[in-house]
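First the structure, in the form of structure tokens, and then the observations on it.
The chains carry the letters A, B, C and D, assigned in the order they are written, with residues numbered from 1 in each.
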Amino acid sequence: GDTSSAPASDAATSSVPPGHAGDHNSVKYYKGIVPAKDLKVWREEGTGNGKLAHYKPATKVDYYKIGTTPTPAQIAGWTIAVPPSGENLPAGSGTAAKGEAIYSTNCAMCHGGFGEGKNNYPQLVGGIGSLGTPSPEKTVGSYWPYATTVWDYINRAMPFYAPHTLKPDEVYSLTAYILNMNGITKSSWVADAKSVPLVKMPNRNSFNWKDPRPVTHNSACMKNCVSPSSIKITSNAATMNLTPRLTGPVDHMKNGK
Amino acid sequence: GDTSSAPASDAATSSVPPGHAGDHNSVKYYKGIVPAKDLKVWREEGTGNGKLAHYKPATKVDYYKIGTTPTPAQIAGWTIAVPPSGENLPAGSGTAAKGEAIYSTNCAMCHGGFGEGKNNYPQLVGGIGSLGTPSPEKTVGSYWPYATTVWDYINRAMPFYAPHTLKPDEVYSLTAYILNMNGITKSSWVADAKSVPLVKMPNRNSFNWKDPRPVTHNSACMKNCVSPSSIKITSNAATMNLTPRLTGPVDHMKNGK
Amino acid sequence: GATMIAASARAASPAPTAPPADNSWSNSLGAPVDARPYGQPSKYESSVVRRYIPWLSPTRLADASFTPLQDQPGIITSNGLFFERYHSGVPTVDPKEFRLMVSGRVKKPLLLTLDQIMRYPSVSRIHFIECPANGATEWPAAQLNSLQLTHGMIGCAEWTGVLLKTILDEAGIHPDSRWVLPTGSDGAHMDRSLPMVKCLDDCILAWGQNGEALRPEQGYPLRLVVPGWQGNVNVKWLRQLQVGREPWITREETSEYSELLGDGKSLGFTWVMDAKSVITFPCPEKPLTQGPGFYEIRGLAWSGRGKVKYVDVSLDGGVNFQRAKLDNPILDKCMTRFTLPYWWDGKPALIQSRVTDDTGYVQPTIVQKHKFWGHDPVYENNSIQTWQILASGEVNNVQLS
Amino acid sequence: GATMIAASARAASPAPTAPPADNSWSNSLGAPVDARPYGQPSKYESSVVRRYIPWLSPTRLADASFTPLQDQPGIITSNGLFFERYHSGVPTVDPKEFRLMVSGRVKKPLLLTLDQIMRYPSVSRIHFIECPANGATEWPAAQLNSLQLTHGMIGCAEWTGVLLKTILDEAGIHPDSRWVLPTGSDGAHMDRSLPMVKCLDDCILAWGQNGEALRPEQGYPLRLVVPGWQGNVNVKWLRQLQVGREPWITREETSEYSELLGDGKSLGFTWVMDAKSVITFPCPEKPLTQGPGFYEIRGLAWSGRGKVKYVDVSLDGGVNFQRAKLDNPILDKCMTRFTLPYWWDGKPALIQSRVTDDTGYVQPTIVQKHKFWGHDPVYENNSIQTWQILASGEVNNVQLS
């Protein structure tokens, strides 16, 4: 079902394995990872449905001759983003067991021992199946369409107070642990450059990447647009007691809600 | 000549004496005070040579009904400007002798014992006849066209550290003293609402109040506008040693000029 | 005669009845020109500051502060009051250590210092930047009784810098270089995938903001300005522009800044900020304090799709509308100021503004918005704001059926 | 394979050769949203301040400070950097005590509080304000080696307020109400006579400046803006508008702000600021520090008579000119930004800009100016600026024959 890890056969459909590196990501590595309809939208959106086919640059490459050329080592060091293809994932691996130890030291104080969130810090676990209900719970498990994003975000931005300081093995382990807490991967699952892109996240198929707007239509009516008797006040912020004080020094609401 | 006070008969040409008060100044009080050509320019400039003859206000008077009506006492208190007609000059009088005492206590420390200026503070005396020379000296005596401006400016802005705190008699006296130091009025001259407008200042006739521009013509030439060999650098600020330091904290040039 | 009357009035009452002709500051000296080499607002304006919603975020370091639109007189937002939004605090970037890398699917990767970036051909344009979460609290109901906190995640400034197009042309893109990933050097390493078609259109790598260097909160020394698109894609404290074939599907375009609709489906990549307007006077912070009579209704309107064409104002909760006057200049993806004369009769009223942009799009009601977007998609609340004026002149934020 | 190369590069050198991929601020948290309710520039910009000419005036209280145009990226001047000019220091005006009186030859005199003034119909417009003494030191010769100190007595801002016309219509003028005397409440009680025709045209009683209340140095809480006219008539800290038949011939329109010509005659009432332009990059403060190659020449142009039509730039001391690109918006009596690509060959050069406004007036040379105005009329120096570029890239202020 949706909450199990993707079958290993998915990875076999492309000749270059996910987790490859290079100067580009490419559509062929997405087979079995990204839904075809989404891939199509991504390609169309990038060029505005081909609007750029006849694009002519104003100048030749390196026309102004300003700046230097970064070295391959510099490019590799700066390039940290990991797309759904898994491109740019580094060597290394990790497991939920190793992740648990790292998590309890570095993450639990904010995200809670079970990823349940604490003091309004984000909840990382749960909510799968809740999205269409009146009380949707958006978490890594329930909402995020790609596991590569989990790896990428932990790597770039966590732990909050010391972002981008974890080693690849640590990030793999934390990814494994959080996915496992969400019931998406088994505790025996090994996270590495090959396996992470292949994880089939529960909400993978629920994103529409094509902007459907305008979807809300109003008209610039000037006279008798609605019947006066139909106008009722449905809510009034003055009765809510949620507004901080708006004059004087900034209100931190320490003694209020 | 130019440096003597105006004949008393000038005042007799209008039925209401200079120093009259009211809600307006008026052309008839300027007779014998303002050169006719200047008065003409002033009238023309105000309306853009009659451009306003057909001006229609966007709204009726007091259309918005905002604010209050000032009392006559408020209007009198706020209205301090004295035009060349002498309108709005208060009751009171003063002499050079009285002015000297006030001046030495309140003014001399900046403007010098003889109005010669000190530490770059303005010189108030001298320069009469110098304006057309290569070293013109602009002072109250040499440059100012109307004695009413002397009264008005001392009243509104001096002494520098306590502006608009002098009593009318003190302002009359200081006016008399400064004019006398400049040799414009005699030491026996009494300054009051009638006499001040009638003083004929040496430079009264030398102002052109009508903007003659454009007076400087250039053309938007694009090619071979001047001969390259004619271009010589006539001055270079880098050699002048006048520029304060332009980075770091603001340079007060205490140690150099 | 007349002489004596006025003269004696002055002599007899040197300090006329209240208010006095002279204030204390009229009879003394003020501050010298070297007192404030960098000027500050009057001390009497100390209440005009950015404010935040204390219960909204777990930490002030991944939070937002709001522009006091009730005190913004025109279309330019003061740099000191420009709203803030970031995910790991405002970094203190040393411009000498700053580097921008252009890499990925380009013919000539580039590593640029700030001084080098400033040599390229530049442009200067006035655009608004709005966070798509502006008005987020107001999706389910009228919750905050404040213009600042319901609409203040927007600012409008003159941005000066290099067109992103210039740098992309310089690096040379391949026909399959379809997406660009700008990344910040802040702790969050904020990144958003941007379609090449927008990058080659009007995006600016900006170092200048309203007459000076970009402010720290706005990405000093270099940010991306993506005119008309949601705030977070205007990546700040830039460190890299990576060019690729496909988008990266980052956390900020999935977990954040996507809209979960009522049916459990989500919208990703809803970049453009739809047309919106709001009345900035009167508003909860600026009630009608002077009784019945003439006031001027004032407000701001903008569209991420182009120019403001009309603003219509209703004084009766949306039954009838009148066309407001627009102040020049009316610029692309820029705030436009509107005004309408208002004779207030002292009775309760429900006032609204409604913008139409030059694509013909008309700002919707919250009821219309709820139909497609569900009741709490967090982002994209560009609905018509209703202010309730009470007989007292007080103003409340309300929503109508 | 490829995987291992990139991966091992990252693993083997987590801190690649200089510059490192991560700066210190990328691995830590920055400042929170409640750190600066009113924002300030980066500490690295502390040199960007108003400066003055210490030897010019007897006291800092009747002096001027100058806008650092070399650091102004666009047409808007930062409020913190807007030049200062006043005659008795900056007063600290309490807006609650503030009153504006409209009196003299009007049908209904008015006494208005600030709150009352803010109720009238308003406008918001971007205009420059320039002191006529801008460039005064440069009349006799090139004296100051600085863009800031030769051209910085100008600023450009969005001003919001009531049209003076609205208040004059409200008070009701007589056909012979030909002049208006605005007076300030500062110690100087600054006053200037203004012709009614201008007062009924485009003058603004402004309370707003670039997104916030008027700054103290600019007349908080209310100043007059007289678009395109010399700075001093834009009276600050207003207390009174007096209407009369004739001008008052105040000290500021005789002793100050009149031009003594070579023949001993003087010009009074030369209010309009003629068209002017200046190259803001390169300039003495911003030399060419990166050797021969591409740079962009940037500058600002303006006219008190209307809009900027063209700016032409010479790279050879005025022999040949090229038309510069103008940035939008191009507004009435407002700064306009211009740019020109410049391939510097590393050789000395003399660069100039020359504006033409929409009246057809062409900015003159200093030699042309001297002919009519004499060698030191103090005011109205709108001459073409020449910057001398040395082989070192340094830039000097020079004058040419």
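By definition in this document, a residue touches a chain if its C-beta (ideal position, glycine included) is under 8 Å from a C-beta of that chain, and two chains touch if they have at least 3 such contacts.
Quick caveat, the model's predicted, so the values are computed rather than measured.
Asks: Report the inter-chain centroid distance for chain C and chain D in whole angstrom, where each centroid is the mean of the CA atoms.
Replies: 25
Asks: Chain A to chain B: how many Å between their CA centres?
Replies: That gives a centre separation of 71 Å.
Asks: Can you list the residues of chain D that touch 2 or more other chains?
Replies: Residue numbers touching two or more other chains: 19, 22, 26-29, 34, 37, 49-52, 59, 61, 88, 111, 116, 119-120, 187, 189, 239, 293-294.
Asks: Going by the touch rule set out above, which residues of chain A reach two or more other chains?
Replies: 64, 66, 74, 78, 80, 160, 163-164, 250, 252
Asks: Assign the assembly's chain-to-chain touch graph to one of these shapes: line, ring, star, complete, other.
Replies: Graph shape, chains as nodes and touching pairs as edges: none of the named types, so other.
Asks: Tell me, which pairs of chains are in touch?
Replies: Per the contact definition above, the touching pairs are A-C, A-D, B-C, B-D, C-D.
Asks: So in the complex, which bits of chain A are touching chain D?
Replies: Contacts found on chain A: 17, 19-22, 64-66, 71-74, 76-78, 80, 88-92, 160-165, 168, 193, 249-250, 252.
Asks: So in the complex, which bits of chain C are touching chain A?
Replies: Touching chain A: residues 47, 49-55, 57-59, 61-62, 87-88, 101, 103-105, 107-113, 116, 119-120, 137, 141-146, 148-150, 165-166, 168-173, 175-176, 178-179, 181, 183, 187-189, 191, 195-198, 200, 239-240, 242, 244-251, 254-255, 258, 260, 262-272, 274, 284-285, 310, 312, 316-323, 350, 354, 356, 361-365, 368-369, 371-373, 388, 396-401 of chain C.
Asks: In the complex formed with chain C, which residues of chain D make contact?
Replies: That would be residues 19, 22-23, 25-45, 48-52, 59-61, 63-65, 71-82, 84, 86, 88-95, 97, 99, 111, 115-116, 119-126, 157-161, 185-187, 189, 207-213, 215-217, 220-221, 237, 239, 289-290, 293-296, 298, 327-329, 331, 337, 339, 341 of chain D.
Asks: In their complex, what parts of chain D are in touch with chain A?
Replies: Answer in residue numbers: 1-11, 13-17, 19-22, 26-29, 34, 37, 293-294.
Asks: Sort out for me which residues of chain A touch chain C in the complex.
Replies: By the definition above, chain A touches chain C via 23-27, 30, 39, 42-43, 45-48, 51-53, 55, 57-64, 66-70, 74-75, 78-85, 110, 119-122, 131-133, 136, 138, 140, 143-146, 148-149, 152-153, 156-157, 160, 163-164, 203, 206-228, 230-238, 240, 242-244, 246-248, 250-254, 256-257.
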